[in-house]
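After this come two complexes, each holding chain A, first together with chain B and then together with chain C.
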Partner chain A sequence: MDFLLAALKEGIRVDGRAPTEPRDVSFSFPHERGHAEVKMGNTRVLACISAEILAPYPDRPNEGILSFTTDFSPMASPAFEPGRSSERGIEISRVVERGIRETRAINMESLCILAGEKVWSVRCDLHVLDDGGNLMDCLSLAAMAAFLHFRKPQLSVAGDRLIVYPASLKDPVPLTIHHVPIAVTFGLFTASNLAVLDPTTEEEAHMDGALTVTINSRGVICAIQKAGGAPITQPQILALTGQAAQRAKQLVAILTDALKATGGPAAEGEPEWTHEAGLPSVPAMPAAFASGPPAAHMPALHTRPILAAPAPALSPPAAANPSPSPAAAASPAGAKEAEGRSSPPPTPSPTPSPTGAQKKKRGPPTSLRERAAGQK
Partner chain B sequence: MVDRFLFSGLRQDGRRPKELRLIECEMGVEPGADGSAVWHQGNTVVYATVQGPKESTFRSRNQTGRAQISVEFFLAPFSGSDRRVRSRFDRRNKEIAQALQQTLQTAIVGEQFPRSQISININVVQADGGVRSAAMNAATLALVDAGIPMHDFVACCSAGFLQDTAVLDPNSSEEGAAGGGPGGSASPDLPVALFPASGEISLLQLGSQLPCEKLADLMQLASEGCQQIAALMRECVTKHVASRLRSRETVTRTD
Partner chain C sequence: MEIPFRCDLGCLNRADGSARLCIGGTDIMASVTGPAPVPARKESIDKATIEVSLHKKIGGVLDNAETEIEVLLKHTLENCILTKLHPSTLITVTVQLMNVEGPIFGVALNAVTLALLDAGVPLAYTPAAVTVASLAPSEGAPAGMCCWPTKAQAEASPCVAQFVFSNVLPHAAGAPAPAPTTPGEEPANPPVEVVSCHLAGQLCPLESSAPQQAGAAALVQLSEMARESSLGVWRFIREALANKTHSA
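Moving on to the complex of A and B:
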């Protein structure tokens, strides 16, 4: 500890970096669309984006829903306790969330499908895999990388029906992202009067305070967090903000290159839905929006892609397409039943299940496939 | 939704852009606590009490050579415009409590009370904007009332932007005003806590978009507000101490 502080007094960091030198950053997009893993030195985090269709909040009927969860598992650092997030964890996740949500980095109106009825709910799950210091920067970078990498299925609204196109029919589309906020953290050391960029865990343990500036590549500050700790003067803050702006530009450039290298061609092509083959398909959204269930019953897309059947001719034969009964998907109870099913039914048939049939009588015929089944 | 906040240079509540709300503060309002204060800033009312220095509640938590500050922040369910009960684990409250704790920790001379704890309880009775700042100021006065040695006062004040004009000490309707950012992001609100003697900033938080070149102006404005608040705090402390001395004098006379 004394060594670290003594070295800093001479402007040397224990890992050999200059005070304003960041660690190497690398991105990988490991599993599927919307999953991004970011490495910053020994810090490693994974961000996963998923989307489902829900009813909007009543006070914001024409905006989508954006939710964040941050998981500090004990795997990443012995300092994390399982089950509950520490005060530091709360601060980190709040700053990451604030930088993206409050600055409207993601266009929430574009997530609206039908005002007051159905919107996209986009979740961002952040997992700390390894805490090597500076989680704030790493998490916010991973979240933005994942948002940029994510694609949501295309939709169309026809009358009272909502059709979710699978990737094989229509290319999924990216989210509308206004700007890319990047968090840049400085560790403050009073004794040596230094602000070090991108502190490691050792430096975090001994620093007197920290300043995080979330800034985008256009030089617009999106968030600042300096919650107590060593006091610094106004000119120092402005100088650090300038440094942060430069660093953010660099990071956006690295991120853009990484996305181009891995995501560019795939952006136009099909997303790699890994579970597509093995999961039951759900024909479409339930019938009338007004009478439809308000709550979520559409499964999350990253685990259960929704296969739509826009026309009967396009829908594969029942044997090849192990789907739950169409009526089951048309009623909330049926949808629950479909979700509860871990594997496709052994002998799928278009005949509605008894419960589904009972529910069906209350509403008009729902999906085209069901109508097709009736015609048979 | 109100879309205009400045009318011929005046704000909705009649203030000029760089004017604070009316501030009233009083120390020693809770006889049961070691130190207490109430801070009125416009319609925002915050009570703060201090217990300690005392033995740490969790002894294992503090084996350091300094006093440890713990802050509990409560927002009364009736404090806002609509009744809302927040859980003890509300993340926003926790974050504010942590910011207060980390700021006040640097302000106190903790070395004088090793292995001990100073608990600060903050109760927001009316929340009309600037809650964070009011809580910080109330906590500072309560610490002074409790006789905890401090390097300096901590004065806190926020500044924001309305229709491209920098305004000091926004109230809740001004805090919620739509800014000019893409997608209608909120207008910036920048609370600043500083040590008035040195002018050094300890707390600085921002949660919405602000062009880089405007930060300096806004920070300067908030700092000026802090200095005004610090002057009011000094005045309050002087008054309080004077009244205490006077009351003691009368006690000795009757003896």
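Moving on to the complex of A and C:
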């Protein structure tokens, strides 16, 4: 901890970046329209847009419905518990939502189909996959990327009937988006008098405060969030909004390029796979099972003696051992041979009653457990 | 026809182990955290507590079928993970569905296996899951079976089964040790055991003349096909891990 603060006093960040230098951003749109994955350094987030036709809110009959949910998955950080969001989680999701909804980034009137009766309800589901710091920025960027990538089906209204065209008949159309607001966060460190752009998890843990400016590529400030933390002066805030404007422009340019690459209906931006292979859909089967019901070859299943297979070499003092496993778990060769016989094989050792001979598909392979228990 | 298997091992930083696995079109990301300190209400003093949560892409609340998958995963893992080695701890398994094109459980379990291996959680065996579906006869194609059915195949299929196999058979004290296999060589027809099985549908047509035999025969065929395919899954897991250690 002291190392991080001491380094900042000299204007150096632990990961080698300058105070105004952000991490690399990459976009991936591997699946259907509206599915966007964004990586900012180690922070990884998934945004998914979906739309369905519902009745509008009674007080807004001409507008569509926009809803956001943010899932702080335990996958992302051991600090996230499944279930209720923490305060930090609620703050983050509200900043992201405010930046898009209250700034009217998405045109709600264009989502109206039949005034007062049917509108598009667009839903944005955000999932945090990996918390490497600066979730606000990453989530807001992912949400906008997904909104820009999403296409809704074309419709036609004939009197009372509503026809929704599938993608095969008519190309789905994009949402009407007025502008692209992006959140830009700075971590404030009073001792070193620094505001660092795009803080990592360690920096977030030690910062004295944070300022998030939601701004679009034209420099219009859409939202500001400074929830307590170290006080800063007004000129400092203005300077930071200037930096934020530059950053937002940069991000929107990268996003536009990434979206251009997805031009056609095919998915673009495959995730990076570390290993790939192909397995046959119908594996080559051993000859005995390839043709027809092999009733003659297989023993009746209920007498398959896996748990109570005998080991003829075992001596009677196996009675002292209550578990059937040492007797039952004969060498694999023995068990396989037992398969071929249609009648239950003789059991020389005093194993439990023939009920033990039934193969229980439900239960665990008991012998391992007993072996572990035996080792204790 | 080949089903593409793609995995990204160790894709996440905060989780102890993670893997993203794509089989056919079904893409699932799994992460494992633990063994970690456990809150008292979930604590088991003799073993590790395993928690599994499934996250869908759209919508938060799971329906019964999805909760069933969580439960199946949890019970399978409770058998597979050596929980007695880490008493009073919590192992959290999180499964995020990235894209669904067919039955989920098989892919999810394989993704979780890769994540557990990435995390180094001690396992009694390496589980491998296979989804098989019987294909109803249609024009131009006789009745048959396939592994890793697509969404369309699974929906049209009368019977879809998901098997989980374990690759370690216990051997008795006193029995000769199994012959050591040279690395790279696989024993012909290695023995496996079934840990979990989830089968839904009709094994044979309702109006079949000998339903019990036909059903039993169909079950045998499905499970044998699954067993054969599981060898491929284990090979894939081995290779994926080998790639990871080489590139690390």
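One rule holds for everything that comes next: the second predicted complex is superposed on the first by the 262 of 376 C-alpha atoms of A that agree within 3 Å, B and C clash if a C-alpha of one lies under 4 Å from a C-alpha of the other, contacts with A are read in each partner's own complex, and residues count from 1 in each chain.
Everything below uses one rule, namely that a residue touches a chain if its C-beta (ideal position, glycine included) is under 8 Å from a C-beta of that chain, and two chains touch if they have at least 3 such contacts.
Quick caveat, the model's predicted, so the values are computed rather than measured.
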| item | value |
| --- | --- |
| Touching partner for A:221 - first (chain B), second (chain C), both, neither | first |
| Touched partner set for A:44, first chain B, second chain C, both or neither | second |
| Contacts of A:30 with chain B and chain C, given as first, second, both or neither | second |
| First, second, both or neither for A:69, with chain B first and chain C second | second |
| Contacts of A:129 with chain B and chain C, given as first, second, both or neither | second |
| Which superposed partner A:237 touches (first chain B, second chain C, both, neither) | first |
| Which superposed partner A:77 touches (first chain B, second chain C, both, neither) | second |
| Dominant toucher of chain A (residue count), chain B or chain C | C |
| Set of chain A residues, in rising order, touched by both chain B and chain C | none |
| Chain B to chain A touching residues, read off their complex | 91-92, 94-95, 98-106, 181-186, 190, 193-195, 198-212, 215-216, 219-220, 223 |
| Touch list for chain A against partner chain C, complex | 30-32, 35, 42, 44, 46, 48, 50, 69, 71, 73-78, 82, 123, 125, 127, 129-132, 201, 271-286, 289, 293-295, 298, 300-301, 306, 311, 313-314, 325-332, 335-336, 361, 364-365, 367-368, 371-372 |
| Chain B-facing residues of chain A, complex | 87, 90-91, 93-94, 98, 102-104, 107-109, 178-179, 208-209, 211, 215, 219-234, 237-238, 241-242, 245 |
| Of all residues in chain C, those that touch chain A in their complex | 1-15, 18, 20, 22, 27, 29, 31, 33, 36, 51, 53, 55, 57-60, 79, 82, 84, 92, 94, 96, 98-99, 124-125, 144-148, 166, 168-176, 178, 189, 191, 193-195, 197, 213-214, 216-221, 224-225, 228-229, 231-233, 235-236, 239-240, 243-244, 247 |
